[in-house]
Amino acid sequence: MNLLTVLVILLPLAGCLVVLALPERVAVGFCVYVSGLTLAAAVGMVTWFDYGRADQVQLSVDLPWIPALGLRLHLGVDGISLPLVVLTALLCALCAVYLTRPAGSPDRPRALVSLLLLAQVGMTGTFLALDLLLFFMFFEVVLVPMYAVIAGWGGGPGRVAAARQFILYTLLGSGVLLTGLLVIYTSTSTLDILELTRRGGAGIGATVQVVAFLLVAGGLAVKVPVWPLHSWLPDAHTEAPTVGSVLLAGVLLKMGSYGLVRIAVPVLPAGAAEIAPVLGALGVVGIVYAALACLAQRDLKRLIAFSSVGHMGFVLLGIATLTPAGLNGALFANLAHGLITGLLFFLAGGLAQRCGDTDIAGLGGGLLGRAPRLGGLLVFAAIASLGLPGLAGFWGELLALLSAFQPAGALDRELYLGFMAVAGLGAVLTAGYLLVMLRRVAQGPVGEPVADVSAVEWVVWAPLVVLVVVAGLWPRLVLGVTDGAVRTLLGGG
Amino acid sequence: MTVGTLAALAVLAPFAAAALGLPLGRVLSASALALSGTFLAAALGILVASFAAAAPARVWETAAVLTPTGTIPVTLGVLVDGLSGTVAVMVALVALAVQMYSVGYLRHDPRYPSYAALVSLFTAAMLTVVLAADLLVVYAGWEVMGICSYLLIGHRWERQANSAAAVKSFLMTRFGDVGFLFGIFVLGVAAGSFRISDVLAAVPELPAGTLLAATLLLVAGVVGRSAQFPLHTWLPDAMAGPAPVSALIHAATMVAAGVYVVARLFPAFEAAPVSLNVLAVLAVVSMVGAALAALTAGDLKRVLAYSTISQVSLMFAALAIGARVPAVGHLLSHAAFKALLFLCAGAVIMMVGSSLLTDLGGLREVMPVTFVTMTIGFAALAGLPPTSGFFIKDALVTAAEQAARGGPAPVGAATAVLVLGALLLTGLLTGAYVTRAWLLTFFGPPRARFQPVHPEAPPVMTLPLLALAVPALLLGFGGLNWETLRPQRDSALLSVLLAGIGVVAAYAGWRADPVRDPAVALGRLRGLFATALHTNDLYERTVARAVRRLATVVAGVDDRVVGRAVTGVGRGARRLGGVIRLTQNGNPQFYLTGLLAGVLLLAVGVVLLT
Amino acid sequence: MPPEQSIDYLATGPPLVLIAGALAVLVADAFRPRSGLAAGGALTAVLVALGVEAVLAANAPLATFCVGASCSYAVDSFTVLFQVVLLLAGLVVLLLARVEIRQTRLPAGEFHFLLLAALAGALTLAAGRDLVILVVGLEVVSLPLFALVALRRYDGRSTEAGLKMFLVSVTSTAVMLFGISLVYGATGTMFLDAIGAALRRPDTPGAVAAAGMVLVLVGFGFKISAVPFHFWTPDTYQGAPVTVAAFLSVVSKAAGFAGLILVLTVAFGPLVAVWGPLVAVLAAVTMTLGNLVALRQRTVMRLLAWSSIAQAGYMLAPLGMAAGVAGTRVPELVAATVGYLAIYAAMSLGVFAVVSYAGWIGGRGGGEVDDYRGLAGSHPVTALALAFFLACLAGLPPGLAGLFAKIVVFRGVLTGGFGALAVLMVVNTVIGLYYYLAWASRLFARTGSSVHFGRMPRPVVAAVLLSGVATVLMSVLPQLVLGIAPAGG
Amino acid sequence: MTGAEIVFGLLGVATLAAAVLVVTTRHLVRAALWLVVALGALAGCFLVLTAELVAWVQVLIYVGAVVVLLLFGIVLTRAPIGRSSDVDSRNRWAALVVALSTAGALVTVVVSGFRDAYTDLGTPAGSASTMRAGIFRYWVLPFEALSVLLLAALVGAIVLTRVDIGQRGPGGGDA
Amino acid sequence: MHLIYPVVLAALLFSVGIYGVLARRNVILVLMSVELMLNAVNLNLVTFDVWLADVLRSGQTLALFTIVIAAAEVGLGLAIVLLVFRNRSTIAVDALRELADRDAGEVLNR
């Protein structure tokens, strides 16, 4: 069934090219078809995945590609990547369906579809790649299509500037990342992530590890984004079209944190131990900073975008503890954030389409009365986002905090206790801005009614809602898969 | 079917009602769903509690790993013993009464389906807190309660004040919850398990510092959730929610959940007396302060809300001096009479359309059932015999007295004396504010225009009132089994005497002018008390304003510094390019000069370096 | 008197074929002007030369014009790779030229003659192994180019461009020759391998040799447009016919690199500690300056000029690391430069191919960047191709070839352990992306009045296809051009 | 000092002086004439160094062809025959600095490198016959390349100076 | 003969040439200066060739080639100069500044 691993990349790739040859009017339908098939393949992977061996890479493909670079086409999934692969396929499929709304059919659909599928190739590939350079390559594939989607289909007047800032900033990050990866390569002569993980830093000097970790983590930090490297994100999310925002927040940011878990921490353990406190500190600063910034935001999409910084702060804190619990939490939070923020951006997009704007004051409030289902979904998503137990947002935050309470032995415990306390405070502030937002958007005097959730929107949003609830109630679904893999990653820790 | 399974089902029944009711409330019959779920929970709860009562020493515990976490796993299971069984029954019964009452109370409300489902969800969450065997699951229930409270307070979200109150309640409680969660971490990690039984078993081995930290952190959570000083200001505002919600959440169950948790983890607290001292002091402040506020509050529901704070403080005070059984006993009796009082207040509101004391008056004839049941409730609140409140308060005073005399108590005698004094003072004040509210509501001339309807309320509402009046009146007798709950002569006399003074004073004040609020007699102090010593303003001025200002600053910094730093770098690069391009001036001789000078520099550099 | 040197006609085949072709073209054009014979003949010559390369590739290594152990002319995998790249680039340029010659009324026969002569010189440069043939080869590349640049004789800008290039070139040549004389004085030989051997001897005057080496580098620095020898580049590109600019940007630059690599690694290998840091500094300054100024360009040809300067910086970077690695690993670094160069040739030609035709929309060769606004609306395929090539130059997928090129260079730099240069390259990559993107995004801008030009003529289509196929090929199988360095380094 | 050194010294001074005049005189034509002097003196230097062939080629090609070409250029560009005030650009001072530094650097380098080197001028090294042997035995390839170079230069020069096809193209231009 | 004489002469001659290249306005004068530089090269080459008694005659050969290169350069150079003169009516080096890095709107300063 290794074919599936290839299929989840090849299908969108083929779709991205084929769609260019099709007439405009069938493009969106074709996209639904392709991304649906890809989702089916991803579900196939879920089916054939052996959960007993979740800590090992399965369904793998390993072919030589560019011997001169030492680059191999090495793909596969384990407990860490499987959930993210599925998330990507799911969100892409949902985005495709979302494009079929009669009210919101996009301008130049063929090009948009092609770009989205290309982005999907990159995102999926990033999670599947088991070769440093292959990872980097897929990491880069996403940039151009995302840029084009923002610049070409964005809403506001600042879209081109926002897109440009996005691509330049993230390219800066990936350049630094590449440098870090090549530092690893020059000191180990292998690009194979599994082999490097097995070695666990053996053969790389302590200083080199620190330098390489700084570079790799620094590069990925832009994508995550880590405070204070986040300034591309609010603009990009705000200006992007709905599907763009969803993919940006839902998948793209995860590529950064996934890279930290997959490469930075296991391959460079000594470097990680040295730098992790800094990451943790930046993470908690990000949580509080983003929450405060959100409190003062006037635009709904911008608020959601900033909230991503905060949520990724929890992810970062989890990773920075270098414990299985922390990494589990980070991976879970990744997934949860993908679902929840994806939903939030969908909702914000729906609102923008109905009210013409996402300015919070301009939305007029009282949404629960003007479109009860839409308002209800917004309330649900916001509550999920603030980390309510029983919904997906809870477990990631919980584990991040718990792991900060008992970080890995090499780390300074007092410091992490401080992190935990600040992060806890940040969680309160997070609740604060989300509820204030609800107050201003969903509650208050009821104005003119707007169209409630349409059929297509239900199709797109319902799976997200269901998954948020399911993952919240039955976290084992994810943690059971990641736990073993994470422990293997940290060397049986 | 084991007891554990039954208990689990008791939790799941209202949860299922909520899970079905939230998305499908408009399709299915919301009321049937909610009532059946809650009824099932109550029935199962009684069954479970009866098993527990039959074998008081026995503990039923089930546990399955909910999820691995990478460290201590989270387990899903129930812990049934006498304590949890009894409280669970109380919760389910009050919830049932409230659900029933709500059918009538909200019969014209289009949002009833979501309301009913949320109440069911709340019930499930509260039962989770009571029955769960794992502290993290307790925390989960604890938080879900919070969000339900938030949503239900904001039930009428059209009014800005209501949604503001909802947000405030959630944030203040969540602030405490952070401490609560960290307390759980400390206990769980130290004990190597989050299971309550494991934690309690490990308490004797744990270092004192750990226990102190854990219990202090737990106190923070408890204080927030139970609206104790200094996190008390949300509860009066929470009265923006519909009366039955106040009855269930903000009187009977959620607010008292903190008491339950402390009782549950009492061994840990006993081993950390400093925490209990802190708890005692906070309780004393809350107790007296809230009673004073209740004395002057101008809104019937706010009177009740302050009285709730005050009464919950009594329970904490009891726990602090080691009187666990009276504390739990008060938890139960308070649940009964306070739920009753709120439901009565709801009936009043339905009749009059207002809950301002200045709008009420003379309702005695119009609302006979409400009058009778509410009178019972008030009597219980004031601790007048023979109501349940009398027995409990007497037990509390007795326990405090013993502790003050140096009896076996985890806190020192000084604290006990403080607690005793506060108890007595609160008894006096309670008598006074109860009388004031009672008189202003039911006696004197009617002060607002309204159309009296007959009957005063549909039976679906009066039935719960009557049902709750029974335990409010008689629960005290059920407690006679316990040694600590039997009335002692001296203390009984003392507390009744004090309550009586309060009653008489209030009556005297009212008698002088039935239209006027007797609290006017307090003069300037009235305003001070009514605002709970300006604590709310203080928070608004300091914390809330500071956060808001900080948020503006951060947003500005983000925009001007972080964001502009990035764009500034880009602009700088462009400018630099603009400077460098000046060298490309078109003059080939300049080019050649550059070339040759460059070569020269390179050559000299190389020669010097070799 | 001993017999004269015999000529290995196979080894010297490709340049000989080109020279023969050049002469034939000149003659044919004299008798039958404007018949297309010139273009056809030139194409044939290049194709035949490519055929010879195939034979050479099978028979390499070859060496001829030997004196003792030292040879003046050698054909190894390095030479073959360079010659193939040069010939293919020449092919593309010839294809493009057909249209431009017609549009701007260039004299076809002379054009093709000069182009083939320059190409032959470039091929010789890649095969030469002594300083005499290298300097003569360099001149054979340069001289015809002066004429080609100035070939739009009615256009003062074209002439001005030619003069500027001429002045800088002859000065550089003089400096280089002086350097050669010093090196000769210090080592007593012109053969690269012998120079290397002599420099290893302790009695060789090091300062003279080092100074000579720096001066020798000037000639190549001029060819590859490294700062501070770059000044002529933007002005010349702007004034020259677009196809000639393409030739300068690819063929001439590649030939310069071939000579530079040979001289540095084979002759001055022992002085690596001297030239390593020097080249590193040049690389850093070149890429930074090129990119920074490119940010401010609106004219396409100038933009391309500055970008080609910047790209030269990237190519120099691995060479600059040679001092930091063990001698046996220097070929790895050289291979990085060579690989980047080959990939650069393909993608850069792609841009020039599109620009040579689409760029006439603005009236002058190349046009302004703003002239390309909305190109995707009227010519989607052309716009896509241009965007693809630009993505390659920026080193971003879908331009995988460019990405691989960047990776190779980064790896080379890090092999040398010089992280600061790597970081500088990162920053430069970002700056580079900025202006490539600024151009590419204009292609897809939504405008009411987008440019229209007629159907692309077939030769241009072929040229675009050829570069496109080469680029795609190197996106998938970059190992074709990676890992190749001259022997004897 | 040997006799050769004295002769060489005198010729060298003459060369240098003439060269300086070439780059400083304000008369275009005189510059060309001073160039002839400099080149001729240098040819003398070559003779002293026993490089006969180079010397004669120097005289023939340089003095005979190159300078004549340059004179043609002066005439054809209608340059003023007499003294003109703007032969030097504003770049003069920079030029002086660069030239002096170059001189300093180069002299230092060569003096340090060849301080103890003496050459024996006893055996003539550059007669026509030995040179022919050198070129045709060892330097065939560059020689042939040079022929291409010359041809290219010729063709280039012709094509640029031909006036028969000097019309404007469709692309415009500023003529 | 002491080698210093010719090599120092060559170095000085070369520097004089550089001065000329950088200081002269008239392109033809610049060309003359380049010729001076090339002659310095030749002197060096011949000197070293003689000094080394090089059997390959490398130095002198290259000197001859340099003379040829110079001739070719001058020939082509003059053609370009004439073309410039025809197009622009001047051959002052620093007046040829139409091609330069400036924004389209900027006034050409000739």
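Here the chain labels run A, B, C, D and E in written order, and each chain numbers its own residues starting at 1.
Following the convention adopted for this analysis, a residue touches a chain if its C-beta (ideal position, glycine included) is under 8 Å from a C-beta of that chain, and two chains touch if they have at least 3 such contacts.
Since the structure is predicted, the reported quantities are computational estimates derived from the model, not experimental observations.
Student: Tell me the fewest steps from chain A to chain D, where a step is a jump to a chain it touches.
Tutor: Minimal hop count between chain A and chain D: 2.
Student: Which is the least count of steps on a path of touching chains running from chain C to chain D?
Tutor: 1
Student: Could you tell me which chain's Cα centre is nearest to the average position of every protein Cα atom shown?
Tutor: Minimum centroid-to-centroid distance belongs to A.
Student: Work out the mean Cα position per chain and let me know which chain is farthest from chain C.
Tutor: B
Student: Which chain lies the greatest distance away from chain D when centres are computed from Cα atoms alone?
Tutor: If we average the C-alpha coordinates per chain, B ends up farthest from chain D.
Student: Going by the contact definition up top, give me the pair of chains with the most C-beta pairs touching.
Tutor: The chain pair with the largest number of C-beta contacts is D-E.
Student: List the centre-to-centre spacing of chain C and chain E in whole Å, with centres computed as mean CA coordinates.
Tutor: It comes to 24 Å between the two C-alpha centres.
Student: Can you compute the centre-to-centre distance for chain B and chain C, using the mean CA position of each chain? Integer Å is fine.
Tutor: Computed from C-alpha means, the inter-chain centre distance equals 77 Å.
Student: Please tell me the distance, in whole Å, between the geometric centres of chain B and chain E computed from their C-alpha atoms.
Tutor: Roughly 93 Å separates the two chain centres.
Student: Using mean C-alpha positions as chain centres, tell me how far chain A is from chain C in Å, no decimals.
Tutor: Result: the chain centres lie 43 Å from each other.
Student: Of all the residues in chain E, which ones touch at least 2 other chains?
Tutor: 7, 10, 14, 17-18, 21-22, 25, 31, 47, 49, 51, 56, 58, 61, 65, 69, 72-73, 76, 79-81, 83, 87, 93-94, 96, 98-101
Student: For chain A, jot down the residues that touch at least 2 other chains.
Tutor: Residues 168.
Student: Residues of chain B that touch two or more other chains: which are they?
Tutor: 570, 581, 584, 586-590, 592-593, 596-597, 603, 607
Student: What chain pairs are in touch here?
Tutor: Chain-chain contacts present: A-B, A-C, B-C, B-D, B-E, C-D, C-E, D-E.
Student: Which residues of chain E touch chain B in the complex?
Tutor: For this pair, the touching residues of chain E are 18, 21-22, 25, 93-94, 96-102.
Student: Tell me, which parts of chain C touch chain D in their complex?
Tutor: Contact set of chain C toward chain D: 1-2, 4-5, 7, 12, 19, 26, 65, 67, 72-73, 103-105, 107, 110, 113-114, 117-118, 120-121, 124, 128, 132-133, 136-137, 139-140, 143-144, 146-148, 150-158, 182, 185-186, 205, 207-208, 211, 360, 363-365.
Student: Within their complex, state which residues of chain D touch chain C.
Tutor: My answer: residues 105-106, 109-110, 112-114, 133, 136-142, 145-146, 148-149, 151-153, 155-160, 162, 165-175.
Student: Given the complex with chain C, which residues does chain A contribute to the contact?
Tutor: Per the stated touch rule, the residues are 66-69, 118, 122, 133, 136-137, 140-141, 143-144, 147-148, 151-152, 160, 164, 167-168, 171-172, 175-176, 178-179, 182-183, 185-186, 211.
Student: Could you please specify the touching residues of chain C with respect to chain B in the complex?
Tutor: On the chain C side, the touching residues are 163-164, 167-168, 171-172, 175, 206-207, 210-211, 213-215, 217-218, 222, 227-229, 231-232, 234-235, 274-275, 277-278, 289, 291-296, 431, 434.
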